[in-house]
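Here chain A shows up in two complexes: once beside chain B, once beside chain C.
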Partner chain A sequence: MSAIYILCLEDEPEVLDNVVRDLGEFEDTFPIEAAGSVQEARKIVADLTVRGDRVGVILCDHIMPGEDGVSFLVELADREETVATRKILLTAQAGLESTIEAINKAHLHYYVAKPWKKAELVQIVKAQMTEYVLGQESDIRPFLGVLDSERLASAIRQKGLLTDE
Partner chain B sequence: MSELPPVTSHCLGTGLVDGRSDSAYPLPSLEEMLRLLKASGAADSILKIPAGRVLLEEGRPNRKIHLILEGRVRLTKVDFGTTVLIDELGMGDFCGLMSFSSGMCAFATGTTETEVTAAELGRDQFDGLMATNPTFVQAFNPILIQQLVARYRRMVMLHLDVAELSRQLAQERLELKQALTSLERTQDRLIEQEKMAILGNLVAGVAHEINNPTSAMLRSAANLVDCLKDLWQADMGTEVEATYFRIGMEQGLLSTEEQRIRMRDLAQRFPHLPRSFVRDLSQLPPVFYGELLAEVPSKRNTDIPTSLQRKILAFQTGRMVRGLTLSGERVENLVHSLRNYSRKSGGVRQKVDIREGLQDTVLILGTRLRPYTLVMDLPEIPQVSGDPGEINQVWMNLIVNACDAMGETGELTIRCGEDGDAWIWVAIEDRGPGVPQAMRQNIFQMNVTTKQAGAGFGLGLGLAISKGIVEKHGGRIEVADRPGGGASFRVYLPAGE
Partner chain C sequence: MIWFICCWSDAVHEQCSIDERMVAAMQALAKRRYFCRRGKVNLKKTVGLVLAVLVFFIPLVVPIPGLQFAARLTMGIFMSAAVLWMLEPIPIYSTSMLVIFLEIMLISGQGLLFNRPMAGVSAVPGTVEGTWVVDAASISDGTVYTLEEGRLGKAVPVEVLEIGTERVTFKAEGLSEATLLASDATDWRVQYKPLPYKNFFNALSNPVVILFLAGFLLAGASVKFDLDKTLTRFFLRPFGTRPAMIVLGLLLATATLSAFMSNTATTAMMVTVIMPIISQLKGDDPLRKAVALAIPVGANIGGIATPIGTPPNAVVLAALQGSGISIPFGTWMVLALPFALFLLFAAWLLLIKLFPAQEANVTLVLKGKVNKSGKAVMLYVLFGVVAVLWMTEQQHGLSSNIVAMLAIVALTVTGVVNKEDIRAVPWDVLWLFSGGIALGEAVSQTGLAAWFVNSINFETVGYMGVVILIGLVGLAMANFLSHTVTATLLAPLAISLQYSGVVNGASAIAVLMVMVAIGSNMGMSLPISTPPNAIAMGTGTFETKDLAKVGVTIGLLGFVIAVVLAKTMWPMVLQSL
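This part shows the complex of A and B:
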């Protein structure tokens, strides 16, 4: 079975380290990949695609040297292999213009302002990954323990995959 | 023209009193005129007229003429609703002469200013005299001509006066315009100074507020290290954990690439281990792998032993303390730079390290510079003498301009160097469209901007203010094309004290 990854993109090593650490509880179900630049993230996405793996959720920093996060999210939204990826922007900037651009063009699903709280970040990633799994996977039972079980269970009931018995 | 007599009320006078005359025709004296009038039987009409009486009304037909024997008459004219005094008549002058002889409506209003004694002639009387008395005609014509000449002269003089006034007015308007421009400049500069002063106070306040929690954080991190060491010392058999903690503190973060490679290797060697554990393990220096892997569970029992968990936790704790310390120090440096940047020197010149100012400016601009590729080449150069806050403002203006010129992304280069013994230079170079030759002359002037209205910066003041500051420090600022495209702004400042 192909793996569903969480991709974290952030140019500040200390910040990236903490993002990955905070999402540690997902790692054994959804492997985490960390990238320090858009270039590296692009390569990771390409490698995963070649192996048949997918990116379920991307957490992306906003302003980075060279290429910025929003335009990378736009790029991902335009590509077949990442069009379904749930996109979260992590930013220290509260700029309205770029937020609007990100939401409109990159089909941004969530906007997280730095500094974040662990519980909040875990909750957001869980909700987004649940949406990804519901939209993309035919068998969602393996994720019941890790993701939003209530939401998954009700979806299973609707599809008739699981009964209340 | 200057030999003409000054314009006074006497120009209108007939000169009967003193007999003075420029005319080729001899003017009759007052006595002569009176005698003529008496002889013609008009002398009965010598009247005493009280003050304030209107003898002649502007715009109305005039039926009488008065030869003033005593007292004064004011001639006024209404102009745009205002009554303007145009002349004053006295002894020997005729009031109503022009309108009377031309038959046109009165040009001005004549009002007695004092009690006036005058000989009054009606139209019939006057016409009678003119028709039947050649002596009267002979005496009267020169008076008429004299008056016309005087009025003509006066008109010419007025034209000259108007021309002179217009010239003075234009001059004054020019001076006012210059004064206004200069005031606007001063105002812009004052506003800018005021803004910097407010910013300075704000920064000083914020810096203080940030410094306290940052110091507390840094101290806590340091004390945490001592506490943990004591804890491990007190608990026998955990010295090894203290070692792992120390390694965590000392070892820098792996690059994402390096960590990926290590994780892949470990996952290949131990495919039964969960990825989260592999990640934790991969962060440790490989020299520890041998020791740690001895404790790694076998394929049959994947429970990770407590002793191994504790070592990894100790290592992670060390990493977190390191992260805390490094981040705290970054905040500390930022606050330091902010304070340096907005430092007010109070006009006192001091030694300024240009490179420090450039680095502070770059640090403060932080996020704004992130999208650009920043190349800094700052070899050691002599210090300059000046106001650090003001000089930093120049770097701020030039760097922000360079970024704005490039748009979303591009290569920003900041270099410095020495030019002989006496000068140092700083070059701020972008990869934007460059400055067209035609604009280089006025780009340093007030209110000249190539930026679109509404941009965050770009009132057209930046370069003008920068130029002012640089010149105040005895330097100069130049713009040129950057080889390979873009603009290069270069500031020269005198080196040394």
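This part shows the complex of A and C:
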């Protein structure tokens, strides 16, 4: 079974630490990877792909030294192995232009403005991961109880994802 | 451990900055955990597969007196399938496909082992009328075997009159000069008349499979046109706002729907109904648990109420039909409905006692409109007509399996069901119990069933003992295994008990088989017991111990009620079989 990861990309170590800690409850089902720069994140994605693992959700800062977050998200949206990855921009300062680019070219799924509340972030990641799993996984049983149960239930009803056995 | 990895990454990345090192450490941790997890999965898979292969050979190498070769092969297939179904190294429907394939390859007349004809010799008449002379090799254990097209015709017991050096003279009835006898009576193929391979393929078009196909199409169409939600609103409205009444309403609505739809689809739909109730309650209000548990409990109980309620019912009905006994749709309901209602009522008392509500009133938001499009209305009409025809089988005389075909035709002709809906049928479930049907066929036809019955003395336990035992074993298995698999493994053994001397007559065997169905459906104490349990557990409203408490109590209570009914009411209802 290939693992589905949550990738957090943020240049400030304390902020990165906070994101990872806030998402701790997903750790058991969705291992969390943390990257401090775009280069590092790119390497992590490459490593995961080689192992057959995938990135289900990426939380990405925008303004970082070196390459910026939105252009990395656009890059991920263009690559086959990450096209389905749910892309969340987690930033305090993305200008109108880069936000438009993120929506149009990176097919951004969610925009979270800093500072965030833990409950809110957990809720957003849960919803996005639920969509990823519903789109990508054929067996949803391992994810019951971790993801949005109402959304999963309605998908089970409509698409017959689970049957009496 | 983290410290160790940090030190290790320290050594490797001496030049790295602190946060990079942390990242490397986290990566290493994630990698380790990931590989551990994958290792465990693979080990379980490998153990399952190796064990399945090993148990297949046990009946072939261990000497079992009185069991001929084809029956040993069947026993091997049965044991192997049991291991695969229990440990699930491959999907359970895949095991069913393997069962059908192995039966065709190993015990059908067209497979690898039995497709070559045996050599035969003509019986030569002896000097006295009615006596015959053959090579000594043609007789074994006082029996000669006639051949038809190179395969066993029948085994003929003989009276040996004279044993010469090579030839034997014997007396037997029913032989003629045209009769071919197997020239080697010790040939491993000689005691078994191989079944045509078509018999095993036919499991897929078993009438009960068609019945379920109709049920699946009706249920699929109901979801498409939101009939399930409409009915739920209709059922729940009269139950008002008092918590206890809402729990009762949920139990009854879920059970009613799951009697016609899959338990899983019903649960999934009901979860979307209860989530708004749960979210308006305080986090520590026990009513949350009662509401969330009412759904899987109602769904599991409701599945028993009609033949199409759950797949275990199909397995049991198919096994009975294989023995020439058919329980009409309406009769099944007369057996199962009182059982289900009684148990629902008990479940209700249990839930409101264990989890008393804090609030005096709960608002039930029942939003949504009745779909009044042409096709939706057509579905309502068809569903009603088919349900009535199913329940009045004895009045009009058409089997529910035939009515099912009417439903299939009507649904597609009217366009209520389209190509996509047909593709969306859970074919895996149909394959799953087809495999079970094929397994049952092989167990009874190869003589394995008869051997099983003869090797255990059932006289000491008696009829009710057998009924109780089968029910308990089913209940125990179904908590850990798929309900269909439980029924599939038990049905061939239970149906063979009709030759045991303690289960006499059609109604007695039917009662026993209904017990198999009920036992298989009552396993609901663990999240893994059934998909409804897993889905309800996924809401995070209750804990495993709550489910266990409720599941064990209702399972055992259901078992006790079933035993009482098996002793009193069921035999009367089934008298006419």
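As a working rule, the second predicted complex is superposed on the first by the 159 of 165 C-alpha atoms of A that agree within 3 Å, B and C clash if a C-alpha of one lies under 4 Å from a C-alpha of the other, contacts with A are read in each partner's own complex, and residues count from 1 in each chain.
Here, contacts are C-beta pairs under 8 Å (C-beta built on N, C-alpha and C of every residue); 3 or more make two chains touch, one makes a residue touch a chain.
Since we're looking at a predicted model, the values are computed, not measured.
Residue contacts after overlaying the shared chain place A:Pro115 against neither chain B nor chain C. Once chain A of one complex is fitted onto chain A of the other, the partner contacts of A:Gly145 are limited to chain C, with no touch recorded for chain B.
A simple residue count on chain A separates chain B from chain C, and the partner touching more is C. In the superposed model, A:Ala92 makes contact with chain B only, not with chain C.
Contact with chain B, but none with chain C, is seen for A:Gly24 once the two complexes are overlaid on the shared chain. In the superposition on chain A, contact is made by A:Pro13 with both chain B and chain C. Of the two partner chains placed around the shared chain by superposition, chain B is the only one that A:Asp68 touches, whereas chain C remains out of contact. In the superposition on chain A, the residues of chain A contacting both chain B and chain C are 13, 16, 20, 31-36, 40.
If you check the complex, the residues on chain C that touch chain A are 18-20, 22-23, 26-27, 30, 33-34, 37-38, 41, 92, 220, 223, 228, 262-265, 267-269, 271-272, 275, 303, 310-311, 424, 426, 428-429, 432, 482-485, 530-531, 534-535, 537-540.
Those residues of chain A that touch chain B in the complex are listed here as 13-14, 16-18, 20, 24-25, 27-28, 31-36, 40, 63-68, 92-93.
Interface of chain A with chain C (complex): residues 1, 3, 5, 13, 16, 20, 31-36, 40, 44, 47, 51, 53, 141, 144-145, 149-150, 152-154, 156-160, 162-165. Taken together, the chain B residues at the contact with chain A in this complex read 253, 255-257, 259-260, 274-276, 279, 319, 323, 326-327, 367, 370-374, 409.
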